[in-house]
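Below you'll find the structures, each written out as structure tokens.
In what follows, chain A forms one complex with chain B and a second complex with chain C.
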Partner chain A sequence: MYKARHAWGFLAIPLILLSLFTFIPAVAAFVLSFTNYNVFTPIEFLGLENYIKAFQDKSFQKAIVNTFYYWILVTPALVVLPIFVAILVNQKLRGIKVFRLIYYFPVLVSVVITAILWKWMFAKEGIVNYILSFFGVEPFGWLLDTATVMPALAFVTIWQGFGYYMLFYLAALQGVPKDLYEAAELDGANFWKKHLHITIPMIKPMIFFVAVISTMGAFKEFTLMLTMTDGGPLNASTTVVLLVFQEAFQNLDMGYASAISFILFAVILIITLINQRLLDKRD
Partner chain B sequence: MKKSKLLYVALLGLMVLLLAACSGDDNANENANSGKNNDGNSNDNGELSGEVEFMTISLLPTFEEYLNNLKEEFESQHPNVTVTINDVPYDQVEQIILTSASSGDLPDVMNLNTEFVKKIGALGALVDMEKEAADVKDTFFEGLWNTAKVNDGVYALPWYTTTSGLIYNPEILEAAGFSEPPTTFEEAWEMSKVIKEKTGAYGEIVQGDMHLLFPKNGIQILNEDSTAAAFNTPEAVELWTNLKEYYDEGLYELDVMLNQVSMAELYATEKVAWWATGPQLFRQVNDLSPEVYEKSVGGAQLEGKAGLQHANPMNIAVSAKSDSLDAAIAFAKFVTNAENQLAFGKEANVLPPVVEAANDEFFDQGLDSDDPAERGRYFAAQALEDAVNMSPPHENVSQIIKAIQEAFQEVLLNDMDVQDALDMAEEQVNSVLD
Partner chain C sequence: MSHSIAANPSKDGNKRRKVFNKLISYFFLLLLTCVTIVPFLWTVSISLKGQNDVIFSIPPQFIPNTFTLDNFITVWNTLPIPRYLLNTVILTFFGVVLPLILCSFAAYPLARMKFKGMNIIFLLIIATMMIPGEVTMIPVYLVIDKLGLMGTYTGIIITSAITPLGIFLMRQGFQEIPKEIEESAVIDGANVWQIFWKLMFPMVKPMLGVLAILCFISSWNNFLWPLLILDDPNMYPITLGLYQLQGAFSANTRLIAAGALIALLPVIIVFVMFQRYFIEAAYSSSVKG
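So, the complex of A and B:
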């Protein structure tokens, strides 16, 4: 009883803060999703109208497709690529900490600064086209074409995010017992076999964890699109969260924006549950 | 089981509470529509009283002295009124207004951009100046007075404005065989072909406000009572067909229109021969490349077939729920009177929408100036008389503009037939006018 009182004492402040800034606004948004709330006029209850509208709205359908496309581009890369980098920077080499810092460095740059820099680099006369010109590639507007805009944005996300996930893998790698590798070496296993049969199975929980959080990150991405393309051209880079922002703050349709948010919440929840089930099965 | 029931009851209770909280104060809203506060804020002698919060956009610290003088002078004229100035960053204005409104605490007097005024004015958040400031209506240029017009109301007073001038690079023009800049869009595109061929630089460029090319060329975006799209005409087909041809000929790129590259950068790096914009922005060229600015010349904005110029004023609006409504309206009129507009125009290099201030000799100067911004200001000031705000007079102005721009992008990027694109845009615009 004494311990429980202490635990509640410690939990009280974070719980109050979470309630004030997360749970209550979330419940409020859920309530608003059934209304025509626009801040200025009296609120009216609309029932399921906003949800029905969402499923008929071509902009929303496009935003859902774009969001899944972005997720498919980003998450596999952010799950796999950092494993290799983490294995490399986990080696006992002189100056390895410098490499760790270098790979982690993009994480420290603000997303808005990253977006502005890459917008400049992806411009027709930017540095990306300048480098490609040495290989005979004609200058191309990467952010001006509906086919290339999303891959370009995904590239920026991967560039900025892989150092973050590398750190998770690095922590997991340091928990893998060294004697497993030594035994494998005695059995004649090469570099690839060691990692395929020891490293990957040992860090599997971390791989699933990274898959879940990078999925949530991909579904929530917004700043990059707002800063680099504002969802264009022709809405080819409008994600669901950007659409929520546009509906809420540009079109002042808070009720509809809330409904879209809850559909996105349901999608993320389903994907997370699937991930969880897969993880449980593997365990 | 008991616990879960309790949880459901708690959740339902919270929902009811939230709905009740969100339903707002209907009485307050009635005040909003009538434009009058029941409490009033004038005493029996008609003297104004109360506190007025004045929200400005990114004017401090540059114009601190001007704003403080404004405040002190108004307070000295109305000793029972206290004015507080609250300056907010440009990119946060709309969020701040929405947050303040949701907590029922809008600033009494607000400096707002035109599109946002139209959006929230139509929702009853702002005082209708057509009713409350009718006595000063005639002091403004007619076209500019109607800037914040939505439905039957005018929801703000224009404070300061710009019409476009033209900054051009005589060296590029000379290299292409021209001694003077273009005066009309038609001439500009013809010259652009030669300039592109002879120098590789661009001439005319379709910018982010391409929807304004409709009214500039005599094509109305909406019908008279703003109930239907009016731009789907043979003239619009001709205009977009020509623009598509110019795009296919490589006379301009989409990057400026899609906000990937700024015109200031293009001009400062001599990749474009001229730039039509507000003369106060010419200084950006000086910041980026003083050499290019040095050799540049200021001129008059290009004319479309309608002969009208677009003006995009910054406005002064008054919250319909202000506790100091009379004082707030009086302060809004004070800020936008001829004397104060002239003083601000001189200090900030912007133009006054009030006739008396615009007629001051200050705005007749600059024709002989070597400074492009000063010369540009001269031409921009001369255009004030014919200036109107051309953005659609409807609360869904953003969706209307987006529909037109996306249809145009379909023509350029996906080779959509021009007539099909205009049909599509018309359908979309009509759907947001319902």
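So, the complex of A and C:
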């Protein structure tokens, strides 16, 4: 009943737009990375020059270290903490749905507003320092110190993201048969034993999935840094993509920025492939 | 006999343990709630403070001495907040409606028809789902520039008018419809265009809802593309407006707090109204992994 011209009729506009804003840019990003494109001077091919420059560039090295540091701070927390939260909100308690909605809400808040709220929270005379003062910590400017800026940004990411992963785990938990827990309780298993021996093995695929998703998210993050610290102080919070953004749109060195973003893409691709390997092994 | 005696204490113990569990659970639930909402509550507190109230102090002053709505009135009247909101509504409207239609256009033949080249197109779409937007950001910017769309809303809307994820989701929606439905429509003499609009499109409503929520979140919060594309402050959406305000008026914390809350309010309203769909959308967006 359908003819080929029907299919192409529907696909025409979508394919034009996809070509312009997805297919061609993907190829163009790769091509640009071998050029000196900077908007003003004529385009010239440089071969591997941009890539060589990247690996000698101190600020790129720093950005890589920063990105890995941010990833180590964020991903383990976002993999583990939401499991506990999901177990917590998976109980039949009065008002539990309201708690789920509250925890999820920060996911919907624009990065600009998140940045505003948390700049004030982390201010020298802000709430974070007030709470820490009970533990005898002297107040200081979290976002103004090269040693504390990344942990502070990581905390904001965890604050904003734990409700998102909580939902994923919640879906996984609802697939765990209840009689497993009942049997364990009869055997006298406590909270930790029950979840260590039943929950964790049962939701393992989801734990894996969350680890991958949050890893990708961590490697790509830059709008939080752009809005909260602009990469400062002293580039201590400049991530790889923030460097791409700065090189491309502030220094207009788009060829070099493309090379950096392709190195990042290679890293993300490797992570995806390792992930697929591990998943295949499981099956 | 001995059975009943033995059962009672354990039942008691069970009950006590249940109450204890409940208390512990609520303790953690409330603790997490505090961590989640304190930044918002503090912003509310700041926005209600008068000129004589201290904003930053240890210990902090949560309850203002003089409650005032002046900050909201000032922000509304002196800064272009209503204008920003209107701009955001316009951008969000197209940012939701266009992907719903265009992703369905692309997904419908991929899900229901067989034609030469179909597999290649589907593979291309799936492959590009793996490429992060951060990698293609520069060429997309250059394409918008070459098309002469710098400084226009079209430039912002068009970048997100169709997404591989949206096509993927809608394709799943169309695949779930039983085959007999189209066949009976053909017998009734409907053409393909009519079958799509009158029959198929209404049947994928649940998936359209999911996609609409995802597009709403990303359009309302879109900040990067307006920052890169727009240069006329009168055209700024609220996120970009706030970003510029906090740079320009960094001294006036009270006004920024009020502005941030005005920007948050529509999100809260939509979230409370469509909470079920939001949760569903979060699950569905996870399939791309």
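Just so we're on the same page, the second predicted complex is superposed on the first by the 252 of 283 C-alpha atoms of A that agree within 3 Å, B and C clash if a C-alpha of one lies under 4 Å from a C-alpha of the other, contacts with A are read in each partner's own complex, and residues count from 1 in each chain.
One rule holds for everything that comes next: a contact is a pair of C-beta atoms (placed from the backbone, for glycine too) under 8 Å apart; a residue touches a chain by one contact, two chains touch by 3 or more.
Small disclaimer: the values here were computed from a predicted structure and weren't measured.
Considered on the superposed chain A, chain B and chain C are sterically incompatible, since they clash.
Of the two partner chains placed by superposition, A:52 touches none, neither chain B nor chain C. Once the two complexes are laid over each other on the shared chain, residue contacts for A:251 go to chain B alone; chain C is not touched. In the superposed model, A:233 lies in contact with chain B only, and not with chain C. Of the two partner chains, both chain B and chain C are touched by A:28. Using the contact criterion defined above for the overlaid structures, shared-chain residue A:65 touches neither chain B nor chain C, since it reaches no partner.
Legend: residue contacts after superposition of the two complexes on their common chain; A:268 is shown touching chain C, with no touch to chain B. Measured by the number of chain A residues touched, the leading partner among chain B and chain C is C. Legend: residue contacts after superposition of the two complexes on their common chain; A:38 is shown touching chain B, with no touch to chain C. Touch criterion met: A:123 reaches chain B and chain C at once.
Chain C runs into chain B after superposition on chain A, and of the options 7-15, 25-33 or 97-105 the stretch responsible is 97-105. Looking at chain A, you'll find residues 24, 28, 32, 123-124, 249 touch chain B in one structure and chain C in the other. On chain A, the positions that touch chain C within their shared complex are 1-2, 4, 6-11, 13-15, 17-18, 20-26, 28-29, 32, 85, 88-89, 91, 93, 96, 99-113, 116-118, 120-121, 123-127, 129-130, 133, 139, 159, 163-164, 167-168, 171, 209, 212-213, 216, 220, 222-223, 227, 241, 244-245, 248-249, 254, 257-258, 261-262, 264-265, 268-269, 272. Those residues of chain C whose C-beta lies close enough to touch chain A in the complex are 22, 25-26, 28-29, 32-33, 35-40, 42-43, 46, 56-60, 102-103, 105-106, 108-109, 112-116, 118, 121, 124-125, 128, 130-132, 134-143, 147, 158-159, 161-162, 164, 167, 182-183, 186, 192, 196, 217, 220-221, 223-224, 228, 239-240, 242-243, 246, 253, 256-257, 260, 263-264, 267-268, 271, 275, 278-279, 282-283, 286, 289.
Interface of chain A with chain B (complex): residues 24, 27-28, 31-32, 35, 37-43, 45, 119, 123-124, 141, 143-146, 229-230, 232-235, 249-252.
Those residues of chain B whose C-beta lies close enough to touch chain A in the complex are 11, 14-15, 18-19, 22-24, 26, 29, 94-95, 98, 101-102, 119-120, 123-125, 253-255, 258-261, 396, 398-399, 406, 409-410, 413-414.
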